[in-house]
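Quick one: this structure, given as structure tokens, is what I'll be asking you about.
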Amino acid sequence: MRSNILNITEDRSQFPEKNAEGKIDVDLSSHKYLKLWQGPQHPGITGNMSLELTVLGDEVMDCETHVGYLHRGFEKLMERRKYIQCFPIVCRVAVPEPDFNEYCFASAMEELAGIEVPEMAEWLRTLTLEMSRLQSYLMWIGGQSGAFGSGIIGQWANYLRDLVLDRFEELTGGRIYHMYQLPGGVRGLLPDGFKDRMEETLQTIEEFMSDIEKVMFNNAVFKKRSVGMGYIDPSWVDKFGITGPNARAAGVAKDIRKDYPYLKYDQLDFDLVMGKDSDIYTRADVRRRDLLLSVDLIRQIFAKMPEKGEIKAPTPNVLHWKVAPGETYSRAECTRGEYGYYMVSDGTEYPRRINVRGPSYTHAVALLEKMIINTNIADVAGLMVSLHTYPPEIER
Amino acid sequence: MSLKDILSPFTAWKHVVKDPVTIKDPFTREAAERYRGFHKNDIETCIGCGTCEDICQNAAIDMVPVDGIETRDGDSGLRPMVDYGRCCWCALCVDVCTTNSLSLSNHYNWIDEDPDQFRYIPGVDKKEWDTNEKGWKKPEGNYELYDINRVKMEEQAPESRDDSFIEIVKGYSKEQALLEADRCVACGICTATCPAHMGIPEYIKAIRNDDLEEGLRILYDTNPLPEICGRICTHKCETVCSIGHKGDPISIRWLKRYIADQHPSDQYKEILGTRDIELNGKTVAIVGSGPSGLSAAYYLALLGYKCTIYEKLPEAGGMMRYGIPEYRLPYDQIDKDVNYILSLGVEIKTNTNIGTDITLEELQEQYDAVFAGTGLHMGRSTRVPGTDHQEVYQAVDLLRDVVLGKEIPVKENIVVIGGGNVAMDITRTLARLQKVKFGKVSIIATSLESEDIMPADREEVVEAREENATIIPGWGPTKIETEGEHLKGLHVVKCTSVFDEEGRFNPKFDEEQIDYFKGEMVVESIGQGMDISYFKGDIKENLKLDNRGRIIVNENFQSSIDWLFVGGDIIQGPDVIHGIANGHKAAIGIDKFLGEG
Amino acid sequence: MDFGFKHILYALLTVFIVLNYGLILQGIVRKIGARVGRRYGIRWYQPYIDIIKNYAKRSTITHGVMFYIAPVFRLTGGIGLLLFMPVIFGSEIFSNFSFAGDLVLVLYFQFFGVLGMALGAAEGGHPYSAIGVSRGLSQVTAFELPLTLGVLAIAMQYQTLNITEIVAAQQGGFLSWTLFTNPFATIAIMFSFLGAMGRSPFDVVLAPQEIPIGPPTEFHSGLLGVLQLNRAIFPAAKLILFMNLLFGGATSWPELVVKTFLIYMWSVFVGTVFPRFRVDQSVRWFLVVPLTIAIIAIILIRF
Amino acid sequence: MKEDFKKRTVITPEGKPLEIDPVKDYFSDARPKVHKPANPVIEKFANWARANSLWVLGFGTGCGAIEMRPLMTPRFDAYRYGIQWRPTPRQASVFVISGYLSVKTLKRVVRTYEQMQNPKFVVGLGSCTINGGMYWDSYNTINRLDHYLPVDVYIAGCMPRPESLLHGFEELKKIIKEGRGEGANKYAEEFDWYKANQKKVIKDWDMPDYNW
Amino acid sequence: MKSLLNNIKSRFSIKDVTEQRSNLVFIDVARESAVPLITYLRDYEGMTHLVLLTAADWIEENEFQLTYLLNNPEQKFDIGVRVRISREKATMETAHHLWEQVATYQRELKEMFGIDFPGSPGVDKPFILEGWDDLPPYRRDFDTKKYSEDTYFPRPGRESNDPAEYMKKKMYPNEK
């Protein structure tokens, strides 16, 4: 279930003794323990957060997550911006996957304002969401292998991601921040020849993914490091609010694309990617298969979407768009789990309150702090990446 | 763990013999066709409306003056300056641009040591990407961030209106007004162009907020005749409206009418807070109850002056009542505006002709100051042969007679000379009378100006044609053919241009092309003149005129005689909104004059 | 062994050549690794610039005397390793200070640098250094065991502790190389070699993802320059050692280049595709796989 | 101030009380020194080496860090231009401030910058470093990087593309070769001004002014 | 969902029910019944997944609104439990014992809104901000633009003109 230096298999999660508050008593002056900070300047940390580790030898005794290094106060900034002005800033909440922010924001707003998005725009949104999932997974796979010391996968995966970004650039005009899913629709049809180029990219991805499977997933050392590491018990899923691949790898079928079909997902044919061992390896494998599923979904979308159509519903003048008062919650399945926007409108041109629910919020704080205890320092980075945490969505 | 797990990773080595996927020369790599790079701006097309500044959530855009771009009607003379220390390249400024002048190139590269360098005025400061054709442009198709099409106004159908004087335009309902007001981008380009500088974006905003009382207050800040202006204003604001560059301009005039229509006149005092005005004991006489006179009276009354209006005709309103047909401006609406002004303690003496019933000198003695806004009530003649015939009429006279209820000698075929709004008014009025009298319409209106530069409002021409009047622009009259008591018709010649290169009136004709319009009656409507015969004696001596016979006034509309203020059409030419603006400024001037004295 | 002034000059020449060879090798190997990742990688002469750059840094801070001495220790380890074994067999100039018991000294120098580094890094006060050092020491200890046993097996095979003699014994066709005469010892040593080269899967000491580059975390400027020199000389020296012990040594520079390059490529070949072991895993691995083989080698020699 | 940093008194094994000031113990408060360039010929050669061996500190301070990965991976492969990662500030020579800096990060950035060795260079990446970018009105991000650290070169963009970054590094190389990359000395010269600015925004200043 | 609403209506004092979507309902409850209600929902109605916990500031009414958004993973619907608490010395009962991540949420709310949750672990520790000495930033009366301008020196040299004002000035220089 877990592993530690001496390979003692009994449960060491209660070692050392915990006090009434559930924390261990650490006397640093005893020189028995060492305080170790990983981050914010640390290459093994995704994004910018820090872990305050208390270690005994190579074993982590206690961990506290510190976030806030990337806090920009989005939720406050949005309160003093008109709805349309929030549109360029929402994508900045999560850099690897801006599109889910754009979608959740737009759909929450459209729901409150009673706007019906045209068919074509829905297809294009579905397409960008899947492309986004693709590139995010590709970046993650580089991080996961990198965290265990294999640089070569990261090189390939980032190349593949770059290809997807090129397609994004053609479609949306932006590489990282696409600012494509405007409330009411999207900002452009597919450029000429886009499908062919995308298909080429997908083939390259599939080609490299089979290599990555051979080099990373059929790798003795990678298995040694990841199998049995970082176990998540299925009973924790509700307790910690775990969603997405982390839950699916634990055998809990949770996928918003299936559970609450949005956009055109009800017209796409796919099965949930599930795992059962719930360790780092399984989670990695679930994500790998999910990545390939995205490839398949993009092909399906191309096959099913119409050639032309309206891309934007008529909306009120965006310069003074007043959204009807009300509250709603809009969610989407991102690579890390449930992404959601909780929007409160008071009927003015400015949102009253927008709360962004990023999956990392639960994964990187409460869950990570629990999982990290009694692991090896060397595994901390790999463990963290296996939860696919991303700090900016914790602190926004 | 199997042997396969140990061996299969080595397959990675097959890549060592493959070519690197690296971009060999990343320094000259071009971005995608749609890439959002640095800004470009077509400064000739740009009007400096500042909508880009409004939508920019980064406060990255400043509107700054630019050398070589003059401020003029419809162009603020400002151009956007972009701060790349703020810009996030969302391109909303491009999508929202009212003239489609702003776009982004796909150039992405800007490195500098000095952080203060990262701002420039696209299109003005030359940049290497100015000629770059690629880059982000507003998406094609029905992609607009606001509605560029005007909300349709319900009107009387031509069949039901061509024999009556019922008001044609029905006015906006609340839903329509909200939709129309929503289209406004609140740029304010219209404000300066409007002679009265009405707070147009502000009152449109009041409509959006459904705060019509606030809207009314904004209207009365600069314009005491909203019902009238809401119907017949020449709406210079709409001409320059920034939305008009790619769609229909906002129907500012009708929105103004919408605000005024929503309030019964008995609520005005409450809303405008004019219930109790303290008099300051000074008195002002106002000659003429046209827009300038009423406007001056209103603002003077607000300041506490006791005003008395002297009107020659039986009812107040001047040209608004006696020059504009009822189907455009119903009399009850004039009464509504006028009565409110009178209710503020303004006194009116109708049927009182200055010069005959009472002289200016007497007014000077009785009052502290005098404002003269007597307007242009004399028709001008083309002076072509035959204009002295008895069947040749002046449009202003006929229009006045209609209002006064006099019998109009309508003939079966009529020719109208003129292409302005007055010409359209008389054409459509006579057409109605023809329809009543003969059951059919046979009237021709002809103008010097060709169709595209006709001074009349576009919708006037369209509506006139809907009412079966014939409009034939581009012809100049040469001779009226008469035969004793009877009039036969009008000879015309093709007019090729009206203004010379310097913009002066200097028509050119093509003598080859001639035409002949048959008719038993000719109405001239080529402009009006003023009648200032009431200035007599010393006053006439001391009053300074310019070389074209116009009274010289200063910016407060004070003439060379300090107690005499002059405004309205006789200063500014025929235009209701100018008249209102004059009256307002004269009121301020009088207050200044009397306050000092 | 007569220590003449001439010998010192010869030794310096050797060090100079090996240093340059080491630097170029470093550059080329990184380029090869980059090719697997489908990119061009650094320029082959980049390591030279890096060293010059580091020496050209203007400021240096210190954490104490040991902090200064540690890189010198480390470099001494590398140069010591090089100087006490023959580089080119049969060449007077490049036979260095090889003497009767040099094999023992060479094994000691393998360890010497790490110890010095441990002292210096600990004085640096950075927790990552401390952790890196503790990992490094345990890993070195772990792979030294099979290595020493393997070397012992060879010493027993050739009945000498002099590397020159070991090389001499391997002359006469490649079938007389230790590789073929004593395959078990070779395998054990070559597995240990993986650890000695500090590449994946045994690079947890420097692991940038886990503890940013371990022991040298605090070293900078000129101090890092010294370490970099060592990083060029030490691997090259190790390669020469393993070449001498297992692959018949070299009688000319081109032969040396070919052989050492191929030996180096063995660690690159493995290192590029495998992630890294945790230190407990690598220690266990060394104590199970190579050690067993080394023991077999010893036992085979005995009988 | 954190509990760990507060002054405290401990009893030594001899039984004597000993006052400990951890801030003084952990950090140095010596002012940074101005390091004059060496003689021009040597300096020129040194600058060439500095320019061609840019060791970038692996500290992604903002969202710009996301474009670092493409930069260092096959597609753009900055290694071939002498640009390399370095995970520790001691050894890095270039500090890429990749976008906005929250106050909490600024504190770490200042510390990290001060740990780097002279000469060191700062690249401001993205609009946020120039004038606050899209977070210009945020209560938690600084607006102008040059108020807190000497910046050598700015790259406009949000995000700047990897190509832009490469252009930026080329510009930096040019600056270094021309001997203008003296940010570290500037920092030392105007130390008090920088410190005052830093202290104005970093509210819980629990470190000495200069801590390497 | 109907029966669920009936169940809780009979057990708790519900102020109001707003049906936003077929699978999203907001329930307004009194402060005292909030935590018992979500405990009940979690334990007996299968709403085992806490989606989020957040607050909104209704400064005009001098109240904070707390929203506990609960999800039923089996039957796929959400219930948002809304509670109004006073802005003055805002406190709320802690719910950290129900889900592990609630303590984090409450820590954030304490920092960003100043809502206290006595008994919640680590609630007083700074979470995102460091050395913050102003109003809790998510409160409506905290002006982020002003704070930013006062603190972070905007780059000088920026000035803009309002087109309407500028045109009036240029075209009618004599008018005020």
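Just so it is clear, A, B, C, D and E label the chains in written order, and each chain counts residues from 1 on its own.
Keep this in mind: contacts are C-beta pairs under 8 Å (C-beta built on N, C-alpha and C of every residue); 3 or more make two chains touch, one makes a residue touch a chain.
Remember, predicted model here, so these are calculated numbers, not experimental data.
Out of curiosity, which chains are bumping into both subunit A and subunit E?
Of all the chains present, those in contact with both subunit A and subunit E are B, D.
Give me the chains shared as neighbours by subunit B and subunit C.
In this structure, the chains that contact subunit C and also subunit B are A, D.
Of all chains present, which has the mean Cα position farthest from that of subunit C?
B
Taking the mean of each chain's Cα atoms, which chain ends up nearest the overall Cα mean?
Central by C-alpha mean position: chain A.
If you tally C-beta pairs in contact for every chain pair, which pair wins? Let me know.
That would be the chain pair A-B.
Could you grab the centroid distance between subunit C and subunit D? Build each centroid from C-alpha atoms only and quote it in angstrom.
Here subunit C and subunit D have centroids separated by 35 Å.
Measuring centre to centre with CA averages, how many angstrom lie between subunit A and subunit B?
55
Roughly how many whole angstrom separate the Cα centroids of subunit A and subunit D?
Centre-to-centre distance between subunit A and subunit D: 29 Å.
How many angstrom lie between the centres of subunit B and subunit E, each centre taken as the mean Cα position?
48
Pull out every residue in subunit C that's touching 2 or more other chains.
34, 36-40, 208, 212, 272-274 - these are the residues of subunit C that touch more than one other chain.
Name the residues of subunit E that each touch 2 or more other chains.
Residue numbers touching two or more other chains: 128-130, 137, 142, 144-145, 155.
Residues touching two or more other chains, restricted to subunit D: which are they?
Within subunit D, residues 58, 73-77, 80, 85, 87, 104, 130-132, 134, 136-141, 144, 158, 161 contact more than one other chain.
Which pairs of chains touch each other?
Between chains, contact exists in these pairs: A-B, A-C, A-D, A-E, B-C, B-D, B-E, C-D, D-E.
In the complex, go through subunit E and note every residue touching subunit B.
Listed in rising order, the residues of subunit E that touch subunit B are 155, 157-168, 170-172, 174-175.
Which stretch or stretches of subunit A touch subunit C in the complex?
It is residues 5-7, 34-36, 42-44, 55, 57-58, 145-152, 155-156, 159, 215, 219-222, 224-225, 376-381 of subunit A that touch subunit C.
Write out the stretch or stretches of subunit B touching subunit C in their complex.
9-10, 12-13, 15-16, 18-22
Report the residues of subunit C in contact with subunit A in the complex, numbered from low to high.
33, 36-39, 127-128, 130-131, 134-135, 200-201, 203-204, 207-212, 272-281
Can you list the subunit A residues touching subunit E in their complex?
Per the stated touch rule, the residues are 21-22, 67-68, 71, 73, 75-77, 79-80, 111, 238-241, 243, 254, 259-260, 326-329, 331, 338, 340, 342, 344, 352-353, 355, 357, 361-362, 365-367, 370, 395.
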